[in-house]
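Labels A, B, C, D and E are assigned to the chains in the order they are written; within every chain, residues are numbered from 1.
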Amino acid sequence: MLLEMLQSLPQVLIDGLALGAVYAVVALGYTMVYGILQLINFAHGEIFMTGAFIGTAFFILLMGMGWVSSVPQIVVLIVVLVVTACLTGLLGMGIERVAYRPLRNAPRLIPLITAIGISFILQDVIRFIAELSSGNYIVTGPSLFTNQLTINFSSISSIFNDASFKTSFLIVLVTAVILMISLDYFINRTKWGTAMRAVALDRETASLMSINVNKTISITFFIGSALGGATGVLFAVQYGTIDPFIGFILGMKAFIAAVLGGIGNIRGAMLGGILLGLLEMFASANLSLLTGGVFGAEYKDVFAFSILILVLIFKPEGLLGKPTAEKV
Amino acid sequence: MPILEVNNIETFYGGIQALKGINVHVNEGEIVTLIGSNGAGKSTTLKSISGLAKVKTGSILFKGKETMNKPVHETTLLGMAHVPEGRKIFSTLTVKENLLMGAFSVNNKQLIEERMEIVFGHFPILKKRLEQKGGTMSGGEQQMLAIGRALMMEPELLMLDEPSMGLAPIIVEQIFDIIKKLNEDGITILLVEQNAYQALNIAHRGYVIRNGEIVLSGKGSELIENSEIRDAYLT
Amino acid sequence: MSILEVTNLTKKFGGLTANQDVTMNIEAGSITAVIGPNGAGKTTFFNMITGVYQPTSGDIKLEGKSLLGLKPDEVAKRGISRTFQNIRLFGEMSVIENVLVGMHIGLKTGLLGIFLNLPTTKKEELLAEKEAYRLLEHFELAPFLNEKACNLSYGAQRKLEIARALATKPKLLLLDEPAAGMNPAETRELTEIIKNMGKEFNVSVLLIEHDMKLVMEISEHIFVLDHGEKIAEGNPEEIRTNTKVIEAYLGSGAVQTV
Amino acid sequence: MKESLAKFLQYKWSQVILFTVFVAVSSAALFFSQKSVTAFLLLLSSLLVLHYMKLKNVTKWIIALGLLFILIPLASSGGPAFQSYMDVATMVGIYVSMALGLNIVVGMAGLLDLGFVAFFAVGAYSYSIFATPQAANFMPFGTYPLGGESFWIFLIIGGVVAAIAGVLIGIPVLRVKGDYLAIVTLGFGEIIRILFNNADKPVNITGGAMGIASVTPPEIFGIPLIFPNQFYFVTLVILIFTIFTVLRLERSKLGRSWKAVRENEIAAQAMGIPLVKTKLLAFALGASFSGMMGVVFAAKQAFIDPTSFTLLESFTILVMVVLGGMGSVPGVILGAAVITILNLQVLTELATWVNQLSFSGIISIPEALSPAKMQKFIFGALLVAFALYRPKGLIPAKNKIFDEKRLKETQAHSDMNATDQKKMQS
Amino acid sequence: MRLKKSVVLLLSSVLSIGMLAACSSKSKGNESASGSNVIKIATQTPLSGGSAIIGESIRLGAQMKLEEQAEKFKELGYTLQLESYDDQSDPKKGVSNANIIGADKSIYAVVGHYNSGVAIPSSEVYEKYNVAMVSPGTTAVTVTDRKLKTVNRIVGRDDAQGPAGAKYAIETLGAKKIFIIQDKTAYGSGIADAFKAAAEEAGAEIVGYEGITVGEKDFNGVINQVLTKKPDLIYFGGIYSEAGIIIKQARDKGIDVPIMGGDGMDASGLVDIAGDAVKNTYITSVAGDSTATESGRKFVADYKAKFNKDAEAFSVYGYDTMGVILHAIENAINDNNGKIPSKEKVAEAVRSVKEYEGALTNVTFDEIGDNTNAKIYLYKFSEASYPGVLEGEVGK
């Protein structure tokens, strides 16, 4: 049993990393918004999904143009990533403007409800756009970066099997890492990033520093949503097939990742995402082995949610979060 | 010449009227203090001036220009700095980042450096603590940082909301000394204090606010001798 | 006889010491004040007594029985009630409902009584409502009984909070800056109310207050906290002249006038 | 003219007369037409009108009961669509009851629960498992399926089991607050669904994804209940019980504690309200109404499987509560009725109508835009619109109005003081 | 005061609508009263949700047959009408619609459902109203095993499809170690279990049996299990949207063993999603290749001409189901002296259909409503095009 688990471990790690990278970048968006507004932007998963659709639409469009085929795929990807990120960023800003800003002083429950509402609307709007244009809302984009690569883990030790992956895996991973590092730099080293942290701590005082709070929040939403949208494109590249409902569960998982790492904490979100991806992949590959077939891969979501609940109970501030006590 | 004129402003919190027609003016180069008990409307007056609180009627002229109900980030750009009650340091930001936030509207790096040096001139301690998190400093140091952060905006009018709050008397004296010195350096100061005695001591003029209304005003030295004030605020 | 005994109470938050070896005795039926600069640990001290925080070390005894390890609701059941520095009313509920929540401990009805609307439940409710109304009358809040609590004026909200705390029929009432935000007239009214509380409600009072006039007028005993430590105690006259207190809190300026 | 009409309508008796006319017209329309959704909805809306009339509460209740028990079934029995009306009405009853349960948790106690349908599932499964041979797979004693009479006992069992589930879930979950609670309950809702979906091995308890078919219909006095009009009455009785209980709870000390916890946990605790116990009670009681209706649902459908208990279902119930007005009992009833009817009748009718039109070539609406598919969009739009423009819902929650005169009667309170003081001191 | 105003508004507006409704509903009533010679057939299929393509294709097929037959029924003195309902693959919706259908006096039969999970509870309702249901696509055994008198289907059962697949897998493809994946839905579990039982009986070793979650896109975890177990055939119980991704991801990992599945994978979407990876995929289907017969080819051409879409595998079943129903109704009318008999009689007439020749199927119902002539077809995909190539068919 252990042997079998070890054999598949390299492949599980790689697949888990790909999934975890997606979780991590989506989790970043959650964490940023939560950090500043203490709001769970439920619609974030749908922004991710919208990004996946916009990206796929662009790919299909671009691939349809003859001259594009002579352009390296990586260039096409970068163009699509940038354009999609901008569009979803604007979408995120719009959502904030319409659905959250008027409610900034409302009870906490209310913006959460609009967030759920927005996410339903986005799902359905994307669904009927997709259905109108292609007759089916399950959309498959062009295959990109499909070269197979293999790492010979077996040469390291005969216990391991070789692990293989597509080039797209590398692209997802590299892009995710670049996004995470640049976000971390942006938040911690630049003026606007510092302003965001200041706004997060104290909106009133930040405004006294002549920081435009609304603009800062809009920028936060723009960046968070752009990240979400870009991840959507990466998802579409990695998995090929998308539908309007991918955002909901994935968004949920990303939120779990954010909480796992410590919500409001950028590095925590990254850690949480990667960790959740790895755990989930491990669970679906090995649960039935571990339990002698009683609990199979279908329990992996139970596994993920249980981890969340355990973390919340024993370390509510998350792995990298710092405890805060309510002032009485 | 008045740098700030507050004419008959009324401000509401929810349904409650916090200010019932406040008239205050501050001349260039003065220290003016606003004293009164908790909840009398002192902080609300400052907030109304800087734009944090929404004013219903009246007018606020800063350097002759109407600033009433402009967004806060715009009024602060005109040259007024508001150090809020309770210091409100960005606790998880470093001292340096706090200061940089004060200079948020400035894009010239050299100018920022120069201003920072001026702040260090007033508060040498801040230079030593540059990389420390704001929240880990003592109350007095935080107050200095808060004032220093406001100075990064190079304000013409500095509004201080209870700078002595919760500080040990020795520190309080230091703070008042610094306020005096800033004034001597040419900064006009509007000071809100519960510590009426010390505030009136350094102020050129003072206003007494009660229940959202100005009930008395006059020279600092005169007010300190006023028996009514002695009964109400100096005991 | 002392109603509350606090011995060597210490509270540390990480590296920060909020209270250090605070010892105090509060006489039954007395009005006692805790004063000190902001951040001296007064509210933390209250929070430990009411079970919001557990002390790092030391003991708190109400009528000889330790309160350590009890949750705030259990402390309330033992007979300690409080108000809060930043008013914590049930904003969306009506004024009288706020007081009725305060009477929660006194109501014995169980789930079954509620489901079946038993006569005993009905009677108990009616009595509670009347009692609540009487409390409101006492605080001159009766005209607002069906008003939402959040719509009251600041001063009235402070009074409602005190009325709500009294509704639990406490032995010891902790008031955290009850006069904050009140105008002088309201403060004078409040002073009278607190003064007579001992007699009318059979309760001992422990209060935190910055309004020295109020403190000096009503307190029989005063404790002074600074940097989490007790630096002085005594009657108002003693405190007024204590040099340590003047240095740390009252300030040399105040001495001239007080 | 307008004014005199308005004045006329202010009088109690003029209201009553107009109301009677309205009821008479709409029930006649319903009775004599083959199938008129409009008339059916109008007749139902008479209950809403009744809510706003200037009558004593008792009178309103009597009229409402008369309408529900006699007039509505009678009037809709005229046409061939009788059973389908009754089916819709039954579903309305089921959802109203669930929404009232969730209202305790979300509206009164302020705990956002996004996995509420789990309790509905628990109730539904507890009856289905024992009212089919399913139970024989793991129960060593007894003969299964149980007879239809057991339904009545299972109404209580379903409620109790759901309440227990509420407590079990509540214990770990209530340690987290606010937004986290929403996510954790959502997670738990999913976990329960996944468990039901997979509990067919190693021992087949729930039938897994295949669900449980041919659930024994309830029986009363030896008559099996199979038609919607029979279930209508069963549901109605339970619903009225639920409404009464919820109203009692709301006005009781428990209702006040819930609201206090919602408004300010720390202050509530300082008033002697135990947080965990109070929240658990909200969870348990809310869940029990849902569990009870789960039993009815299982019996009515005669078949259940995990697809009836998805996240969307939880959100739907939440939408009902928000739409109606969080914490407001009449509001939640209205919200649940509106959403259920919208979902089951209006959208379906619209879709059929649009389909007919596009078949006959009058208009061509792309299939993607069919109203039946727009459920999520409509829900989303409703949620956003209400949160922005009417956050307190259709009928906002109101505090009980206390009669000052009654409270001023001083006679009682002197002896109250004495006894109560004694009680306190002991 | 505000309250009173709202009462006024409510009452008066509601009253006026009431009057309107009373009038309008009267006219509506008249219309349907005069239409006593209208025969309505309902379709109830998923027009939204994951199986929308299939549901839609069934509906269109049924509509086509209905329109073709309209002329003939005109001669008999009846107007045919189609009422299509969307069950959204949701049992509650199905039951609710079923009650509307059952209550409608002029609806005599239902074409539907596609999902077994919806067909089972809905048919309990049809049974109460004696509305004949003929399903073009449900395969779960429970559908007919409850022995309801109104429930019929023209396609094969899971317990025929599973074994047919297993037989082919073991005998023709030589599979000895089989890994089974299913989607944990009623359909997926049913067919996977039937396959498993048959494969075990035939002597193959089941090296893994795993579930996945519908709607997800990353199945690498389960595929990694497949990698370690090294089976020589993968069987998937589920529908095309997940199947396509699994096939693609398995091929990406270098798993080139045959992948087999049931009729849920029989959709053009499978090829769209999996692309070239679809090679070496086998599906059993209750749906035959429409182009295999002369009449089938004609149907496909007509369908394309009429709707400007390619026929899906189930289009012809919608068409034939409607055919069976209309055939039975025609018989019933003829037996009843040219008048339409009761719903109960229509249901009996449906059940007694013998040797009906449809465009593709030949229908004879047995005593529980299963089609004794139902066949299981086996297709192979050797290139990325839909439909696959017919490899063989198995009778019952």
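Keep this in mind: contacts are C-beta pairs under 8 Å (C-beta built on N, C-alpha and C of every residue); 3 or more make two chains touch, one makes a residue touch a chain.
As the structure is a computational prediction, the values presented were derived from the model and not from experiment.
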| item | value |
| --- | --- |
| Contacts common to chain A and chain E (chain labels) | D |
| Distance-maximising chain from chain C - centres being C-alpha averages | E |
| Between chain C and chain A, distance of the C-alpha-averaged centres to the nearest whole Å | 49 |
| Whole-Å gap separating chain C and chain D, where each centre is the average of the chain's CA atoms | 42 |
| Mean-CA-position distance for chain E and chain D (Å) | 33 |
| Interchain centroid distance [CA atoms averaged], chain C/chain E, Å | 71 |
| For chain C, residues contacting two or more additional chains | 52, 84 |
| Residues of chain A engaged with two or more neighbouring chains | 296, 298, 301, 328 |
| Chain E residues counted as touching two or more neighbouring chains | 52, 184, 211 |
| Complex interface listing, chain A residues touching chain E | 4, 7-8, 11-12, 15, 18-19, 135-136, 138, 140, 143, 146, 148, 161, 164, 166, 235, 239-243, 245-246, 249, 280-286, 288-289, 293, 296-298, 300-301 |
| Sites on chain C touched by chain B in the complex | 37-39, 150-151, 153-154, 179-184, 187, 210-213, 226, 247-249, 251-254, 256-258 |
| In the complex, chain D residues that touch chain C | 245, 248-249, 252-254, 256-257, 259-260, 262-264, 266-275, 281, 399-402, 404, 407-410, 412-413, 416-417, 420-421, 423-424 |
| Residue numbers on chain A that touch chain D, as the complex places them | 38-40, 99, 102-103, 106-114, 116-125, 127-128, 131-132, 137, 248, 252, 255-256, 259, 294-296, 298-299, 301-302, 305-306, 308-309, 312-313, 316, 326, 328 |
| Chain D-touching residues of chain C, taken from the complex the two chains share | 50, 52, 71-74, 76-77, 81-82, 84, 88-94, 96-97, 100-102, 104-109, 111, 114-115, 117, 121, 125-127, 129-134, 142, 145-146, 148, 164-165, 167-169 |
